[in-house]
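You will see two complexes here that share chain A, one where it goes with chain B and one where it goes with chain C.
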Partner chain A sequence: MIERVKSIAIVVLVLNTILLLYFYWSNPAADVKQALSALSAETPPPVAVRDILRPERITLNFGGENYTVFDADAGIWESVGKSPAGFIEEMRDMASGESMALGVISRRDYGEVMKARSIQADFAFSIPFSEYCAEYGLTQLGRTGGIDSFTTVAYSTASPESFFVCDKLSGKYYRLSTSRARNSGLEALISRAEGLNNASYYPLRTYAGIDNDVMLPLDMKIVLPETSYRDYAVGYAGTRDGDLTTDMARAYFGESFDFTRKLTEADGSIVYMYRYGEKVLSMRDGVFEYNATADAYGSGGFFQDLRIALDFLARCGAPWRGDGAAADRNGIYLKAAGPNPDNGAYRFLFGLTRDGWRVSYENSEPFLVEVRGQRATYARLDLILCSPSPPKPLKDAAAPFDVLVANYAYIFDDLAKNGPLRQEADISTLDPFTAVMERTRDVRAGYLRPDDGSSGELAAVWVFDIDGLPYYFNLYSGEIATRAR
Partner chain B sequence: MDWSRAKTILIAALLATNAVLLAALALKAAGPDSPDDGLSLKILAAAHVAIETELPKTPGKMAVLYVEPEPFAPSAIDEALAEQAARPHSGELTNEALRAEADALLERCGLMSEGVRYLGAEREGDARVVSYGNTFGGVPLEECFVRLYFSGGRFVKAERKWYDPIRLHDKKGEVISPVEALMRLLPEKDEAEPLAISGVELVYWVSSDAAGAFSPINDTALPAWKITDGAGRVRYVPGY
Partner chain C sequence: MRKLVMLLLIFVAVGVSASVSFAAATTDPAVTLVSPPEDEAIVADNFLVSIKVTQPGKTLKISVGALQIKDGDKFVAVTPGGLEDYSKKSEEDKQTAPLMETQTFVSKGSVSFFTHKVENVTPGVYVIKVSTVDADGGILFSREARVLVKEKAADADAKVVFDSQKSGASQFLQNLLSKIFKN
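== the complex of A and B ==
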């Protein structure tokens, strides 16, 4: 009898213990669900810095001003059997065990040296040189000192014992020399590239007779297949259970997501607010904006801040890849990087690629993020997903110089109304043709997402950067592809 | 094996565990609150914060409350105003009659619900003002009010900022203790200046500060501590 009572008492006490534990950790079911949902939140790994930090353009001179240009995304290194970090590998080989002598040269000297068989890798922005060397294990180079930042790394057979490092944005040109020539790898690369069926490029000065080194293809067969796109939020909703806004808020607010303020406006805009403005995420018309107060100031350096920016992008579940070389893929690339003069934050501007071609937005940017005090303090995401398109045969593109000649008057007028030419005291003294040719900074083929996105189709265009303003023309007909500004 | 002895030991162990858990629960319920609160109270006293009210208990875990701003049609109040304007002046209403009039008005605007509470009537110049607030689960919803102005026995004006509670979020978070809320006032307080605390109340709070740029059709009220000082100034401290 006593044993029976003891058994019943044990059962009762065990149940009682469970009940007390339940009360002690009140609402345990919700906590478990919360932990599970946090675990199941899918966050793809961030794009690696080395995948995204690729030159925007590689210019090869086969001698006698016979040039070709590879957009970085077109994968020059793969096409000649090297890794994307091919240039860096060659630099490392050259610098290893050598003491490097640094000399400052003039732009003119640099231009003369590059007229020989040469290769130039250009980034669109300045990168701190010592940080770059540390990141890529170029310790010997990093110890050289004297170079703050660079946009271009170059090699010329005219000076086979040297590398050239320049910051074209600040107009500084350097020559790094070793005691003997060791660049057989780069020379072999130039030779192998020469054997490929490349489009011929010439500097604009050759076409127009003005002082401008921007490279233009003489003529080009290109195919940019018709490509449809949809807002990332729409595409996301088709593949997941949740909606993008909620999942992004969950990713950016972490554990505090469930205790944030959510506002919904009549037009469908949604705002998440943590601690009354400490972090705010809003979504309006498919565009996301994130603001967070900085808890510290200063930069952790280019590479650390870039990693924070890429991690931030990954947390929105973005499926893009940094190595946009392969076809049939949505990729991202680093379009610009530099300090925001207003608040000291490091600002990174990313662009999208489709099948390796850059996708421009008519009046917006896909992804901008600012990093300050080792956290993302501002971001704006206006993202699209492009659909796969079937391959099409190559087609003759309009010759870009012909496009410039046919449209220089339109461009000049627009520069005078909307561009830096507005500041000129008397633009009537300027020759429109010369003014446009002198101010042309970049020419490339790519896709355009028009402001009027009702068609849901990307347009194939020539993009001219003239005095910092983009001008878009139909890739094949050369006609103006956008409405007047 | 001596099963009887094993059972006895097990019963003793379970009894001890239950006793510890009960004690912990009792401590949790008794508040204020965490062991740190004792030290915090000393810090508050040293910072010349005099607590002249009984501090409420920490509520434990609470969820955010989704609310709908201004759910009633403004036209209902406008119609009532137009009707009342046509009515002849009457003498002063008794407090009971005033409240009955005000209740009827709220009913007509579709505002009267279980959580609505009558806050009182007061005189403001020539007018008498009847105020109402809203609550959810017994917790006041702030800043949410309707003030009905009566003059000469007629309804003449309404001031309102109203939220209807919709539902609680399905996850709960630990709410800070009132002492911790008072501690959060210290960074903005002038250290030498004495501060008397005359009221500490747990509320659901829809802040109007940071959301001024928005006109939401749905909003969120977060648990907060409403702290009133001796001069009648009110501060809200977020509860998470």
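== the complex of A and C ==
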């Protein structure tokens, strides 16, 4: 009798065990949700591809040397009653039901046609054209073939039946023409934008007589209110389950967290390792670095890999959204994208914005994610939180061309020591002023997170991109804003 | 007699060299008008005056004016095509109407720029006058540059960059060739 009771009890226990394991394994999200809830009250959904893939700059030519420029974050489309996908919609409308003709044009012809009333949308990186058309339903355009990638889409009243697609990084220019006479939507947009109180821009060739079409504002009233920041790791309150590193590790490893080893290295770095380095998360001085072996090789394409990177950021980079009201004024943008030639991964570099203004880091970047196969195989996160700042009146910024002229010698010396000019065979033959003007690629206002301390004030700066190197100057005084490299 | 001829020769030589030096002093070699393009017609309702100076410590006086000729009782703008008539007019029948107050600029460093946006520009001929002055305001060098501003409507006949009508056959062939030779 006792033996029979024991047998029945064992069977019941085994069955209960099986049932418990079934319920546990059938809902693995419970563990991930618990980990994510340790970081924030709720996990935000991933940023949509269409929200992050916006042109970084819109250049409008109202004709007669009247230019203005909108940085994408300024919301030009909303200000003239369109959605941010306005350009895409106009291209789709113009192309729908039409047969498209593709022609290759020269850079010179492109420059000529853009001298008329025109609009150009520039991305910071090359995007595969056919994937872009497939993503946005531009079926007709995608069928034209012949365009590998692009950085710019443009429209000009000098050739109103056409769209222009360019890859300025590789120097290729294309004209897509339809049988339609014009695009009334874009022409109406140019007219409406003309009525706004825009800053006047001129190309650098007009200021300096150098062959360079980079746009600079003549002058500008601007307000970038003082904003204090702190590294996310500073003052992190922690949760009942642990500190920031533990909470981040739970988010990164999910259900594998319980099988990780935690190591503390001599320099104070904390390392979580799963198996024998299949996944490794380290934290040092508030910067997180993640490595994982790839589950497959090769890329799934620009858009698929971008989705994987955005999903990864939502799961593991959620703290960047900050807390409370401050979070709503933060944003991210896609700063650079391209294949990593060393390992075949697709690399995405994301930047931070604050109140629509970009936040540059002096010697770091906010988020870098690499995707290989179906997963993120590398990530580096250097997070900050910004505090609310009171509204301030508009103030005159230093004229950026004057700042560039006043500091060209300093920039040239730095390019010669730290930049591409190191490789020049005979640098003494170069005229420093001409060399700096020719190599100026971009000028914009924004914030700078200095490379000292884990908290402080974001500096309001002009950022000059000279041959790929950033140079920062105080937005209002024009003085150099960083230490020498 | 011989002494008189020698004296005359010396005076002539001095006079010629002086006139040559004065003639050479009209344009300051350290001052360049970068924009707008000189004697090149533009279509605009504004233009940027950009002047490059390659010596420190120079004082410039810059003014911009519109050429006008008398038409009845009033002065009207000279058109780009009316310059020949303008040159034939007497001084009483022509004037230069100032568009801005004369600006003073002092250069710093080995390269510096003066920039100024001239707004509300209508079709006509404009003169940019740049003078280098000394400490007492005396003019050392002076030059004038003309800017021709055309009617905006004339831009409709501006250079056509592309043929807007490509034949279907040629475009088909171009697309086919692009696809064949892609990559």
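What we mean here is this: the second predicted complex is superposed on the first by the 415 of 485 C-alpha atoms of A that agree within 3 Å, B and C clash if a C-alpha of one lies under 4 Å from a C-alpha of the other, contacts with A are read in each partner's own complex, and residues count from 1 in each chain.
The working rule: a residue touches a chain if its C-beta (ideal position, glycine included) is under 8 Å from a C-beta of that chain, and two chains touch if they have at least 3 such contacts.
Everything numeric in this text was worked out from a predicted model, so none of it was measured.
Judged by the touch definition given at the top, the superposed model places A:R261 against chain B, while chain C stays out of reach.
Once the two complexes are overlaid on the shared chain, A:T377 sits clear of chain B and of chain C alike. Residue contacts after overlaying the shared chain place A:T178 against neither chain B nor chain C.
Of the two partner chains placed around the shared chain by superposition, chain B is the only one that A:T17 touches, whereas chain C remains out of contact.
Of the two partner chains, chain B is the only one touched by A:G277; chain C is not. Contacts of A:E3 after superposition on the shared chain: chain B is touched, whereas chain C is not. Look at A:T206: by the touch rule set out above, it reaches chain C but stays clear of chain B. When both complexes are overlaid on chain A, the residue A:E161 reaches chain C alone and has no touch with chain B. The touching residues of chain A, when paired with chain C in their complex, are 63-66, 101-105, 109, 112-113, 116, 144-146, 158-159, 161-162, 175, 177, 200, 202, 206-209, 218, 399, 401-402, 405-406, 408, 433.
Chain C meets chain A in the complex at residues 32, 34-35, 42-48, 50, 52, 109, 111-113, 115, 117, 152, 155, 158-162, 164, 166, 171, 174-175, 178-179, 182. Within the complex, the chain B residues that touch chain A are 3-4, 7-8, 10-11, 14-15, 17-18, 21-22, 24-25, 28, 60-61, 63-64, 66, 169-173, 207, 209-211, 214-220, 222, 238, 240. Interface of chain A with chain B (complex): residues 2-3, 6-7, 9-10, 13-14, 16-17, 20-21, 23-24, 26-27, 30-31, 33-34, 256, 258-266, 271, 273, 275-277, 280.
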